[in-house]
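One chain, chain A, appears in both complexes that follow, with chain B as partner in the first and chain C in the second.
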Partner chain A sequence: MRLQWRWAALKNGLLEDAAYRVEFIIGLLGSAAVPAAIQMVLWYALFHVGTGETPRTEIAGMTYSDLIAYTLVSTLFTQVRGGDHDFDLQEMIRSGSLSNYLLRPVGVVEFIYLRGIGGRLFTAGLCLVVGAIGMSLVGMDPTRLFGAMALAILGNILHYQVGAALATTAFVWEEAYSVLMVKNMLVQLLSGELIPLNLFPEKWAWVWKSTPFYLYVFGPTQYALGKWSHWDLLQALGTAGLWMLGAWLLIRVTWGLGIRNYSSLGQ
Partner chain B sequence: MSLSQPVIQAQRVSRTFKSVKKKEGLRGTLELLWNPEHQEHRALDEVSFEIEAGAFVGLIGANGAGKTTLLKILSGLIPATSGSARVLGEDPFKRSMTFRKSISLVMGQKAQLWWDLPALDAFDLIRAIYEIPEKSYRERLDFLADLLDVKALFQTQIRRLSLGERMKMELIGALLHWPKVIFLDEPTIGLDVLAAHKLREFLREFNSREKATIILTSHNMEDIERLCSRVMILKTGKILYDGKPQGLIQSGERQLKVSLLETPDLPAVATLTGLAPEQLSLTSEDATEEESKPNSNHLWISLTNDQIAPTLQKLMSRYTISDMGIQGQSLERVIKSIYETESRETGSKA
Partner chain C sequence: MNPLRMLLEVLRVQFKNNWVREAVYRTNFLTAVGVDLIWIAIEFSLFGVIYANTPTLGGWTQDQVYFFLGVFFSSDALFTIFFQRNFWNFSDLVNRGDLDILLTKPVPPLFLILTRWINLTAFSNFVLGFGILLKYAGPAGFQGGWHWLSVGFWLLMGVLSAALIRFAFSIWIFWTERGFAFSRLYYQFFSFATKPDTLYPKWIRYLILSALPFAFIGSIPARALLEGLSLRESLMVAGVLVGFWIFNATLWRAGLKRYQSASS
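Here is the complex of A and B:
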């Protein structure tokens, strides 16, 4: 393992994000606050609006405070989830700017990820601190956040891997962007960042269980909130590892097939 | 690899690009959905050559001639459709780690450095990527910075640099790992005269000191004339000329300008000198505004070196010559002439 260039790429990515500090912070706050506020209004409406004298106490086994707690904690992991490096990769393939990286003696897919992930790792650290303080204040166990964050970071890597494999369609199809858009829509729905996945009807649970997306936000949130045991977390980490291995193999195959069609446009 | 062995070999290298034909208008766009029509473009057509270690080779050609495609194949960015290319004894498209560490490709229009970071941060990443020992890194950086005179700019964000300064930083980034083979695609594009001159001096110095093999494409004939010991002229994917730049100039036609006391009659001059009418003209691209006026007394004759003396003798037997001169044959003019001749021949065959 050559760690030096990986560290240098990570560091430069972070420095580049730091060049636009205010943009970075405002973007972070915006992407956390807006969906959380919408969800909280929605939960309030479900439990309190139009329910008369006796408000609902539970929906799909979750109380109002369960949903609020879910929203607040999942917001931490939603900030760690994703990144648009897979979109960057497909744009590089399409525009020909991939040529800038192809001749460097490093893996291109990994390089693109590392140079863009610095900001997310910083966010993960920030979320860990904010989350730990918040959970301590309400009497919850903050140590669970560390395990949950580890799963969320694996989820981030997996999210990129899936995106990178899909991005290779840009080698043969100019409109690969749309494939990544669809993937992101599915992730939003099936990762648990918009709604807790236990709100899905039981008979549809197989849908989210058959993708790795629930490991991004739903899994970490469940563990942080104490709904999952340590054993559940270990299983989830193992499952994430297997998905990552599969995605890595998929990237190798799709990349190997696609690169022969790369025409290095733009000159 | 010894100096006498070729470092680059191309044997009947061809490259075809396939693309979807997009017709104009809404109907054309809709047709793409159910009946996409493909077109093929042959960018390189059975190109063969060898390049020795330490050579400085210029690739010349109009837009679409195949220069950049050839560089992309030799650097390993894209594969050849047919034929074989070897660089440093390897198939470039396999892009082995040793190969990637031994070459460099600089494209004038593509930025490889980090836009929002100072060059020094980007160079540090390059040092890590190529595993350059700290001591060598410092020495090389000093050497390159001195040659290009940019040390004072190392801590300035790349986006705040001028185009010329950025290009110099790109070059440093591309050379820090001391590549054995360097591909330069339009390195002086967009640079002012001074910056282009500085860059050329730098490339010449780097080539002579480090014995790196350099292939350069450029539309700027000054780049080629000043740097390259060998030129290859490409047209529609084929090599029209491969040799020394001086060879091109010597074998080309020269232009004799003769000023007479009367306006010459071209058919009469043709008969007198025995030259073909298309070799004679009352004007020229190089003529001044005064010389281009109608009824000017200037005669422009395109001829080879051995035709100059007999032509002048015959002219002097009939006309009084007030002035004369032989235009220096620039590489640009020769290449233009080669292109025009080739086009005429292709046209007449068609």
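Here is the complex of A and C:
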């Protein structure tokens, strides 16, 4: 029974994504191609535009090829990172439709995640195949992708957990979606999705090191590219586990408090 | 009543209705300011990190890029005030059949669609953006004096461009079941607008100066204000905008012919 509803939620989510497959593919292509193109443009501008007679060869220890490789590989993990299911949670609280879910014998936070994760898992599989083919073609070790993808999937869960805890601000504040928007904007910068985090000057490095967001994209990319050792990956997986435990406790506390004060306006 | 006067009267009523609604949701104002402050901070941080590693980027100094960001944020805030919600609701109008009621009104339906929602709280974002523009105008090399008059013109050009492009992405709702993917695609391409166009390689530059003219939102206005545009570039801007206008008008007419009400 415990597994049954989880499997049903996952399957229904996948079926819904399959029903709107054209939208799914357009969304996937857009979210992969455009940010990657923007990043590559930045690297191009840094190394090739207006640099005069002596073009740059390195920035923060990274060559032009390093940066391009980072962008291409990080794009695989950026696709796994996201998911706006935390926005669904805050909308349910805000609109009162949470009441329907409270009557069911399932955990609402977990149910919403499982319902929405199907598409991401499919994307993760797709990225794994595309990445493995690409890396094999350029002579890189594709087996590292498996470890990196495992970290990226933990990152996806953690991302949702943080969002689910933040979504409880909707119990006390009408505009809780803005908290989630701010979180997403910070994640974009601090996960290594926009730029490699080693471009941060040393004095600012504590900013990204003190959040778990680097485990979403930067960590998996570093491991896949061979910049992190297996031991580094194990440490990152352990760190992700600890963050997840902390986030789980936070969810228990915030949802417990929120539901105690919840007065439904829904039907 | 004179048609122009009627449109202005409709606009006045829309303003009034939106003002009343926004006055009810006062916390929305603080939220909008907070979110945009973070967005601005992140864009500044991104360039801050890059400029920590290099003195110039694509020939632009840090102050010039911040001036560009000021122009871009101001222009985007104006778009948010006047158009953003209307475009978000556009797909619902078509899908749910709510467009029916607008088609029966004695005012051009497109005018009603594009002016129904006015996000007055985004005015604070405009103030923020314009503040940045003012702060970095001098250090970026903006000449000032009578050139300030052209700032308004170029900001309006940025808003007009954004509206035309957004419309071109939204109109496909007449042919698709859900408009969400196209809206998302618009916002993904919109990232091209957040960087000066001279940073891009040639083929992307052509793209964002022609078929997807996202550079018209902030980059071209910033460049026009800092160094002026050549005659060829000015003609190109005018030509592309007119082209988009015709393209959108054609699709709108075709979309209306295809439209089948879904309402009861």
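For the reader, a short list of remarks on this structure follows.
Simple rule for what comes next: the second predicted complex is superposed on the first by the 265 of 267 C-alpha atoms of A that agree within 3 Å, B and C clash if a C-alpha of one lies under 4 Å from a C-alpha of the other, contacts with A are read in each partner's own complex, and residues count from 1 in each chain.
By definition in this document, contacts are C-beta pairs under 8 Å (C-beta built on N, C-alpha and C of every residue); 3 or more make two chains touch, one makes a residue touch a chain.
This one's a predicted model, so the numbers in the text were calculated from it and none came from an experiment.
Of the two partner chains, chain B is the only one touched by A:L103; chain C is not. In the overlay built on the shared chain, the residue A:N12 is in contact with chain B alone; chain C does not reach it. Counting the residues of chain A touched by each of chain B and chain C gives the higher count for C. By the touch criterion defined above, A:Y262 lies against chain B but remains apart from chain C after alignment on the C-alpha atoms of chain A.
Of the two partner chains placed by the overlay, only chain C lies in contact with A:R56; chain B stays clear of it.
Within the superposed three-chain model, A:F87 lies out of touch with both chain B and chain C [touch as defined at top]. Comparing the two complexes, residues 20 of chain A contact chain B in one case and chain C in the other. Residues 2, 4-5, 7-9, 12, 15-16, 19-20, 97, 99-100, 102-106, 260, 262-264, 266-267 of chain A are the ones that touch chain B when the two sit in their complex. Contact residues of chain C toward chain A in the complex are 25, 27-28, 31-32, 34-35, 38-39, 42, 45-46, 49-50, 52-54, 56-60, 176-178, 180-182, 184-185, 188-189, 191-192, 194-195, 198-201, 204.
Here chain B touches chain A in the complex through residues 17, 68, 72, 75-79, 95, 97, 100-101, 103-105, 107, 109-112, 114-117, 121-122, 124-125, 127-131, 157, 185, going by the rule given at the top.
Put simply, chain A touches chain C in their complex at residues 20, 22-23, 26-27, 30-31, 34-35, 37-38, 41-42, 44-46, 49-50, 56, 59-60, 173-175, 178, 181-182, 185-186, 188-189, 194-195, 199-201, 204.
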